[in-house]
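Heads up, there are several structures right after this.
One chain, chain A, links the two complexes that follow: it is found with chain B in the first and with chain C in the second.
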Partner chain A sequence: MPTTTEPEWSTESARSPGHGRTSGRRGRRRAGRVHPALYLFPLPALAIYVVFFAMPTLQAVQYSGTNWDGFSADYDNVGLGNFERILTGDDLFMNALTNNLKFMLVVVVFQTIFALGLAIFLVKNTTASTLLRGLFFFPTVLSSVSVAYTWKFIYDPNFGLANRVLEFVGLEQFTSSYLGNDTAAIYWVAITQIWFHAGQMMVIFIAGLQSVPAELYEVAEIDGAGKWKQFTAITWPMIAPATAIVVAYTTIQSFKAFDLILGLSGNPPRYSMDILSTRIYTGFANSEFGYAAAESLIFMAFIAAVVLAQRRILKFTQKDV
Partner chain B sequence: MRFNLTRGVVLTIYAVIILVPLAVVFFGSFKTTPELFDSPFGLPSSISFDNYDTVLNEQNLSQAFLNSVLVTCSSVALTLFIGSLAAYATARIPGWPGWLIFGFLVLGMTVPAQANMIPQYALFNQLGLLDSRIGLVIINVVVGLPVAVFILGGFMKTLPREAYEASSLDGAGPLRTYWSIVLPMSKPSLAATAIFLFVIQWNDLLYPLLFISSDSKKTIPLALLDFQGQFLTDYPLLFTGVVIASLPMAITYVLLQRYFVAGITAGAVKG
Partner chain C sequence: MNQKSHGTMYTRRRILQMFAASGLVAVPAACAGPGSGGGGDQGGGGGEALPTDGPVEGEISFAHWRAEDQAVLEKMFARFSEEYPDASVSQDISPSNDYQSNALQRIRSGNVGDLFVAFRGAQFVDMVDAGLYADLSGTDVVERYDPALIDVGQSDGTQYGLPYQLVFNQPVSNLDILESVGVTEPPPDWDSFLAMCEDVVAAGLVPMAWPGGEIGNAGHLFNCMVMNNAPSDDMCAKIESGEYACTDDWFLTTLAQYAELRPYFQPNATGTAVEPAQQLFAQGDAALLVTGSFHITAVRELGAQFPVGMAPPVTVSADERKYVGIRNATFILGVNTASDNQAGALELLRFLSETEAASTYANGTVQHLTVADVTYDNEDLAATSDWLSKETLLAPRFQFTDLDIRNAAEQACIDVVGGDSPEQAAEKAQGIIDQRIGS
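So, the complex of A and B:
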């Protein structure tokens, strides 16, 4: 069963094919022993992957330099014109980017803290913990549209649960129109996203926490270290791999919260909730294939850049303690 | 002591925050709109399946449900089959060719759907695979393959070499070894992969939205998205759709929770 540390292992091994101790030895011993027919086994996978995945990915690069509408037989090459327009003069793209960054920031920070807190509370394998973990994880298996409709009702300004609860506890002044409030809508979507996926991240943290040797805490206890000191000196550095995975995955998820946005906002998405993935889709739906392809490449580069930057920041805080 | 008190309070509040919306939706699917607005938190005054009748028969969600079952089951089975063949080969082929194939297939995990969906749409259009359930199965298999090879290949590399060798000494060819040794030994990772794919593909909205235009071929998430325009504030009908869409996942989750956690965590690296 691959564990959360799997990605580390696989990239490392992939980087040094045949040089790893085990694979080299195994390779020699195996050489000549495998049946030639084994080389046919990956062919179905490779065939459909090349035709339907690898080539379209490369074609996206080609489209990005054109003004193709997706249907006409001919189109013009516009060079880097699409990229120029996106990065300098496209208010819709900038709006989606800004919304996406706000959304990402809130989700990454709060969902991660939240998931880690829940994981610390539920790390022991008692019956109650197992049950609660099961409950907290549950929203993850629902479809985004289902979650969106559930939260549409919570946020409904007239009949919704949120305003009703606020009125009930005497906090009428905090009632709101939620998704109807253009400046706040994206943050309300972020809260829904956290409800949706915090349990999933909690599970990754629990796996990380359970791999920390209990003796470390015992020694710290003897040395008189308090809970907070134990957390900063032992837990945080020890769960670094789990944190890196959670943060990267949460980031990617928050760039791709496409279904949730469409469910909460309707299709086409409202300006106040538009994020990059919905923007690319809208461009596509409006037959701006070339332009949307250029947007999608920027989108991909952006995700990669953010994930790499986060790794550096995380490494820094973990070295610091 | 203070830790335990905080723990109890936080966990209780969070449990309420998760449970109450789910309960409101579930019970709400048996209510009328006035009843829901009147007492959203209460139990339904009577168990009426009128909403279910409307949604399944008049709105034809039963057809969408059937489409989802067909598309998801075929996609998962095909992805597992093609993916496990490739994973087995990459785990056994010695030296760099094995790694190269593995690395190439797994690289797909880092490409977000939005990056290649436009050329994919054009390609499917050329091949006449738009607005077709077969087209949906193909795209699901393609998108699921990298994760499947990643999870299965990682697992198969850890299987003891002796198992493969003993079988080939007995004169079994690779196909036989795959079928009677590798697949049975890989059951836990096959289950985790299957669950991961099942959740992703059952819930997927993007590809049906891109590829499917006829009502009769829509899958559940897409049909559910269409509800929004029609029943802007008829929440009981929306909730009924939500319950129908979620029930298969919810039931499977309760029965196979262990595999859900394993599968979704293993697939968590999917970009």
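So, the complex of A and C:
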């Protein structure tokens, strides 16, 4: 028999008179039961989730079917009209999408490679490695606006560090207007993004690398595997979870580089640097809440699709795990 | 006993039922009709009469975007509090870009901005439509302003707001450089403007420091470039309505003139932000800063010692000229209809509109004002005060109420400076505008 001092959160089965004697399916089900009060514990988190995520998302769904301007009491329901216009008759949205894909591709590929390279070189816990890790991680703790303004002055074609250095070393022919060059501007922004976040991704990779058992490398060496073979056969598959996190996180960051873009290009951004998040912001600033809400939903769906596709690709390349 | 207490506790089924019920409540709450929240008086203009007298007490929130004016305003508001000991003023300042994007929603809540401001153009129109501005028509405060300068604060004949600042969105000049090349008066026509630029180049200097990397600041030049070229003064409104197009002759002429200016901008002008352009001008390497009078303070803070004037490009011959420059009346003050302290806000507006307070603000922030009889003691204000009486056009770029259309037209000018042909840039811009008009 249970005693009255038994804690409230103990399982039903523990209080059950038959506890210890029950067997079979019914017993297993009872053993898995929790006290109903425990269902109240997630309530605060759930409330926050509902108020700050679920409800705004539902509202966005509703607004996306209207031409609401953000302040009027009157609006018209336009059905799927906003989505149709975005996908078939909005060159600015398509331009932002193209820019965003270019930006994402460059950032995901080069930031991942760069972060992984740094992690491999700095994986050992020596004093020098620790110091260098701190230095490479440092940009991550800066505010994005500070980073944007710093790089804005680096890229300035007249007073900026980049052109000054090129002139100093005699490479005047490579000086550029950087962000003023519409063809290349988005790639210069990508370089800033990589500088900003590579250190953060390096830390994730280092954690992944340090979890690989050293014995695997020892066995591989005995079997005569070279460094490259060790990397492709052991390291790469074993750091699959870290890579998945890095790639997914980098992708989402690439789509949300909003403050960096606005800091570098001013508001509104030029077409050459306009990405989806800044385009949506312009929509809201332009008093097109319904339309911007529809853009936001497409934006959400697009990120989800890209991240899912990436996970599939990574699973395929790291299937040996 | 436990069995008994168990009966009073929530079962899992009941808790899940509660979650489901909460969800059912949340869904319709989330789907409440757009526009069903917030304050303001929907549907244009103020509704209830503005209390013209009442107790001036409590904290009065003043929402604006001029962080650079904060210290001057603090001193002025201290004087206000001496006059009204039960009242204090807090400044709610946002960066201008944020203010442009978010102010309407924030002020509409009534929590900030008992007294607030708006940019001329789209923001003022939206704020009037949202019913944020109380009707100031017939109040004594309106009489303190120059009547010729406050019509931008009207809508359908009602005076909702009072534009406070009078700025000149035209190139600021280094008078020492211009004098050294023999220019003592603003060039009266296009040929003389180009000749002036040529002389500055010959002197080894940059004629025009232009922030072509920032569309918002780059666009100030657009005002001067179209003021005499366009067939009518409401050219930007007509581009937006579809009556005019960027592919029209007058716009192509304007773009061709931008192309003529290419050699006179600093190198890589389309990648230059506003701060480096100011620096170039402040250190005496450029003859003109191609933004506006509102950047004179920044240039002085960068150490510029030379006398300044203004030299806008007149794009036609002297006999075809209608305007010699551009002005803009902005910082449109208004009393918030959603405010609980309208009496205090109106009294603060009265205070700002007094000649003495306005003179303090003007000289402290180096800006001309629309308030009548202001005394301009500041050297730069005094030197540029002759522009107050010249034939200037109210900045046309703020006729655009659609930011994407405005950006398309102004981006075409940047593209031409960057190397595109006028026809190519015009086609591209008009393509975007056609989509916007058709939407």
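One rule holds for everything that comes next: the second predicted complex is superposed on the first by the 266 of 321 C-alpha atoms of A that agree within 3 Å, B and C clash if a C-alpha of one lies under 4 Å from a C-alpha of the other, contacts with A are read in each partner's own complex, and residues count from 1 in each chain.
Everything below uses one rule, namely that contacts are C-beta pairs under 8 Å (C-beta built on N, C-alpha and C of every residue); 3 or more make two chains touch, one makes a residue touch a chain.
Since we're looking at a predicted model, the values are computed, not measured.
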*asked:* I'd like to know which partner A:Ile48 touches here: chain B for first, chain C for second, both or neither.
replied: first
_Quick check for you: in the superposed arrangement, does A:Phe159 touch first (chain B), second (chain C), both or neither?_
both
_Looking at A:Ser287, would you say it contacts chain B, chain C, both, or neither? Reply first, second, both or neither._
second
*asked:* With both complexes superposed on chain A, which partner does A:Leu262 reach: first (chain B), second (chain C), both or neither?
replied: both
*State whether chain B or chain C is in contact with more residues of chain A in the superposed arrangement.*
B
_First (chain B), second (chain C), both or neither touched by A:Ser72_ = second
*Scan A:Gln59 for contacts with chain B and chain C and give back first, second, both or neither.*
both
*What is the contact status of A:Arg85 with respect to chain B (first) and chain C (second): first, second, both, or neither?*
second
*Counting only touches as set out at the top, which of chain B and chain C does A:Gln210 meet: first, second, both, neither?*
neither
*chain B versus chain C as contact partner of A:Leu179, first or second or both or neither*: second
*Considering each complex separately, which residues of chain A are in contact with chain B in the first and with chain C in the second?*
2, 4, 6, 37, 39, 46, 54-56, 59, 63, 70, 152-153, 156, 159, 262, 266-267, 281, 284, 289
*asked:* For a test of understanding, state which residues of chain A touch chain C in their complex under the given definition.
replied: 2, 4, 6, 15, 36-37, 39-40, 46, 50, 54-56, 58-59, 62-63, 66, 68-75, 85, 89-92, 152-153, 155-160, 176-182, 262, 265-271, 281-282, 284-287, 289-290
_Quick check: in the complex, which residue numbers of chain A touch chain B?_
1-4, 6-7, 9-10, 13-14, 17-18, 26-31, 33-35, 37-39, 41-42, 44-46, 48-49, 51-57, 59-60, 63, 70, 117-118, 121-122, 132, 134-146, 149-154, 156, 159, 161, 164, 195, 199-200, 203-204, 207, 227, 245, 248-249, 252, 255-256, 258-259, 262-263, 266-267, 276-277, 280-281, 284, 289, 292-293, 296-297, 299-300, 303-304
*What residues on chain C touch chain A, complex-wise?*
1-2, 9-12, 14-16, 19, 22-23, 26-27, 29-31, 33-36, 38, 40, 42-43, 97, 100-101, 104-105, 108, 122, 126, 129-130, 212-217, 266-276, 279-280, 402-404, 407, 411, 414-415, 418, 431-432, 435, 438-439
_Touch list for chain B against partner chain A, complex_ = 3, 7, 10-11, 14-15, 17-22, 24-25, 28, 36-37, 40-41, 82-83, 85-86, 88-90, 92-97, 99-106, 108, 110-123, 138-139, 141-143, 145-146, 149-151, 154-155, 161, 165, 168, 173-175, 178, 188-189, 192, 199, 202-203, 205-206, 209-210, 220-221, 224-225, 227-229, 233, 235, 238-239, 241-242, 245-246, 249-250, 253, 257, 260-262, 264-266, 268-269, 271
